[in-house]
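Lettered A, B and C in written order, each chain numbered from 1.
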Amino acid sequence: MAVVETRGLTKVFKEGQLGAVNNVDLVTREGEFLVFLGPSGSGKTTLLRMIAGLEQPTAGEILIGGNVVNHLSPRERRIAMVFQSYALYPHLSVYNNIAFPLKAQKIKKELHREKVEWASSLLGIGGLLDRKPRELSGGERQRVALARAIVREPTVFLLDEPLSNLDAKLRASAREDLEQFHKRIGTTTIYVTHDQVEAMAMGDRIVVLHQGFVRQIGTPKEVYDDPADTFVATFLGSPPMNLLESDDVVVGFRPEHFLPADRLREGSRIPLRFRVTYLEFLGAERILYGSLAGSRFEEKEVLSRLPAAVSEAFQVASVYDFGVASESLRFFDRQSEKRTQPKAIAWQ
Amino acid sequence: MKPAEHNVERCGGASATPPSPRERPRVARRPGGRWLGAAMFLPAILYVVAIIGVPFLMAFLYAVGDVRVGSVGYHFVGLENFRSVLHSPAFRRSLFNSVIFTVGSQVLVIVGAFTLALALRDKFRGRGVVRFLVMLPWVAPVSLGAIGWKWILDSLYSVINWLLVAMHLFRQFDAPQWLGEPKLAMMSVILVHTWHVLPFSTVILLAGLTAIPRDIPEAAAVDGAGFWRTLVHITIPMMRPILNVALLFGIIFTFTDMTVVYILTRGGPYDSTQVVPSLAFFTGILGGDLAEGAAISLFLVPILVIVAYLMLRVAHRAEVT
Amino acid sequence: MLGHWSVIVAFSVVLAFPFYWMLITTFKQTSDLYDITNNPFIFNARPTLEHLRLLFGETLYLRWVGNTALAGALVVFITLLLALPAAYALARLTGNWGQRLGIAIFLTYLVPPTLLFIPLSRVISLLGLQDTIWSVVVVYPSFTIPFSTWLLMGFFKSIPKELEDAAMVDGLTRFGAFVKLVIPISVSGILTVVIFAFTLVTQEFVYALTFIAPEAHQMVGVGVPTFLVRGDVYYWGSLMAACLITSLPIALVYNLFLDRFIAGFTVGAVK
């Protein structure tokens, strides 16, 4: 097991353009499940491929287990990677797919069967060893890819959106399997996804990326409750955080904190009038879309997310008394978009 | 709370079903459809059958008859022509030469084309120019390219020989006679033909290579495979169908071709580069013995049939998988 | 990395060398060419245009080019006339049989000239076409039609059926939809076939050699290697000039469309 570290890692594909990955510093922890989260095109794959050795960095260093590995080929880095498409070898049986890394790394032949069986039973695909990849379902392919990755007991696991090719139902169960699996083998894992639910559910920590820059590194709770900037604040959470501009600050609050006034404690409550423009009923909750009314934020669009426990009826085009607790407010600098100290602002 | 002024639920409008889009009337297959198909299809078929099928049958008729240029009658002679062809040393020689010529150049073509295709797979600066240069032997008319080689391999003024002499590997008047000595001449026609066909096989293999998803070789690299292991265990097996296609086309283009031989050596010296098609030409067209010429040509048929059969198998397998 | 570049350089040099050599030879004085003590890579005497003058002024080269262009245009015309409807029929109308017939017609492309040239030469002389370009104009479509049909079939199949259905709902007949809708949409496919058929005409050697004897009626691919040689005397300078001048434009155009031809050759086998 090993720790992966990057120092000032940068990748510029076309000279003169903004890099796909810019000046990334991060250190994994021993045995950690680290998630790279960001919208598509934010440089997650590029960052992962540099760590794997498939892409040469333009600048910066990569360390695995404390050693700089920039000049090592992928095979010398002793890492395993699961590709988004799984990249199974189509002409080889499942058995030979899983055995391929063993052969490639010249592990003694006698051990092959034993190791392949260990890996395949760990993933519950012992019965599929004679099949060809095209005879497998999406979920089975993903397991084969995982088995191929663990069979040589790598120091680090890299996974690039391994669930994105599965349908929604399978994805949920595969996610759970992956978590269990990580708990059992405990290998340091870097996991790429653009799906915040996946990231929140699986990550020990999350690295939020945007345009090749690291915006925040923290536990799911930290990035959600204490976003480092307005990008993280709006990228995480669905629906996203409400942001209101006031002089040189931006003040934000999550839709689930924007509630009917009578649901909030009197003392810390900031009252706001809310004109509902339409509503969505989602079963366990309701989303109210609308805008503020009658304050200096007149016409500013905001959302409210109400749990099913809030049972009042709301009607479109009506105005209601809402509010937000002052401890739920988050403040950002309007210029830099970075998080700042709480500040008193004029609401009316 | 205030009562709503306009109580219009968001989904109110949408819930009223819009007028269902008029089903586009299914275009009925009119009874005339089938005839129209035949009418559009037949002219091409008839033309090709007339120009290929009729002469093909004539070739059989000639081969079992005694037709010569200028002769009037036709006598059925059975397999006489085939027997005499099979017994003729010239034919046996040419058949042997054809095999050498085909096998030799195809081995070189496949190895060379695969190497070149690998080198051209990844983008690099100037790839377009390189591709144009390496395609020249295929896209330029082959008779003209071959004439170029005839000059390069000239008995007196060969630039290759000048180089060999300049490097003191040969003395001035000892230099190899590329087209004048039987073994060298065979080697030369093989190499020139290889030169001509190699680009074609290269682009076919390149199409196959670029069809392999990029992450497959990458996965192999991460799995610990080096260049050669990836090549032998991943790339080549995945390329099998396309390698077959390249090889089958290559065999046909080589076994049935006479252009390079005709231009470079006319089959000489002493028939040492005479191949089956060129022998048919010299016998049937220049020699005027249509019957024997046709019989010689027909020996190409088994090869064509086998290759066509294999080609269909490849196509079929590709469809199934 | 080094291996990569050495492969590229080696192949480029070997494959393109004859054309470089044609270029050098074209502009060298005859005395320079025929002096074995001269370094052949450099101009030992002043460059000359004499070979070009000879080629254009005293041979029928331009006539051959004209013959070839005319034959090429006619072959293209016949090919399109027959292959377009056939390909459409195969792609759309004959349904399941389309694919099989398509493969069958493709296989006829593999029938080589050297199998048929003997009986065909008789047919040609019976038709009275011997020694005219009409001989090749009649015969060449036998191999341009099959491959063009195959290529066009692929293009037509990529056009959604709904488009024609819509046109027919709007009042066109099926044939009308083919002429007014499918053909205009397939312009790039048709252009590919035009280039393909034309270059095949310029490259063919065996039939042209067999059917046409007189100097004035030659196709360029046969005329150059046959009539720029008098007995044993090769006019190397003019020969190389002719080869180069003929090859380059053909190569340039062909190269532009190469990927489409290859796609035609490899359907099914890639993937």
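Structural remarks
The working rule: contacts are C-beta pairs under 8 Å (C-beta built on N, C-alpha and C of every residue); 3 or more make two chains touch, one makes a residue touch a chain.
Worth saying up front: this structure is predicted, and the values here are computed from it rather than measured.
A count of contacting C-beta pairs for A-B and for B-C identifies B-C as the more extensively joined pair.
Of all chains, the one whose Cα centroid sits at the greatest distance from that of chain B is A. The distance from the centre of chain A to the centre of chain C, each centre being the mean of the chain's C-alpha atoms, comes to 56 Å.
Centroids of chain A and chain B (each the mean of its C-alpha atoms) stand 52 Å apart. If you average the Cα atoms of chain B and of chain C, the two centres end up 14 Å apart.
Contacts from chain B toward chain A in the complex involve residues 1-10, 213, 215-216, 218-226, 229, 233-234, 237-238, 240, 321.
Contact residues on chain C toward chain B in their complex (touch as defined above): 4, 7-8, 11-12, 14-19, 21-22, 25, 33-34, 36, 39-41, 78, 81-83, 85-86, 88-90, 92-94, 101, 103, 105, 107-108, 110-123, 138-139, 141-142, 145-146, 149, 165-166, 168-169, 174-175, 178, 199, 202-203, 205-206, 209-210, 220-222, 224-225, 234, 236, 239-240, 242-243, 246-248, 250-252, 254-255, 258-259, 262-263, 265-266, 268-271. Residues of chain A that touch chain B in their complex: 52-54, 73-75, 79-81, 83-85, 87, 89-92, 100-101, 103-105, 134, 148, 152, 278-280, 312, 315-320. Per the touch definition, chain B reaches chain C in the complex via residues 24-25, 27, 30, 33-34, 36-41, 43-45, 47-48, 51-52, 54-56, 58-59, 62, 112, 115-116, 118-120, 130-137, 139-152, 156-157, 159, 162, 166, 172, 195, 198-199, 203-204, 206-208, 211, 241-242, 244-245, 249, 252, 256-259, 262-263, 276-277, 280-281, 284-285, 290, 293-294, 297-298, 300-301, 304, 307-308, 311-312, 314-315, 318-319.
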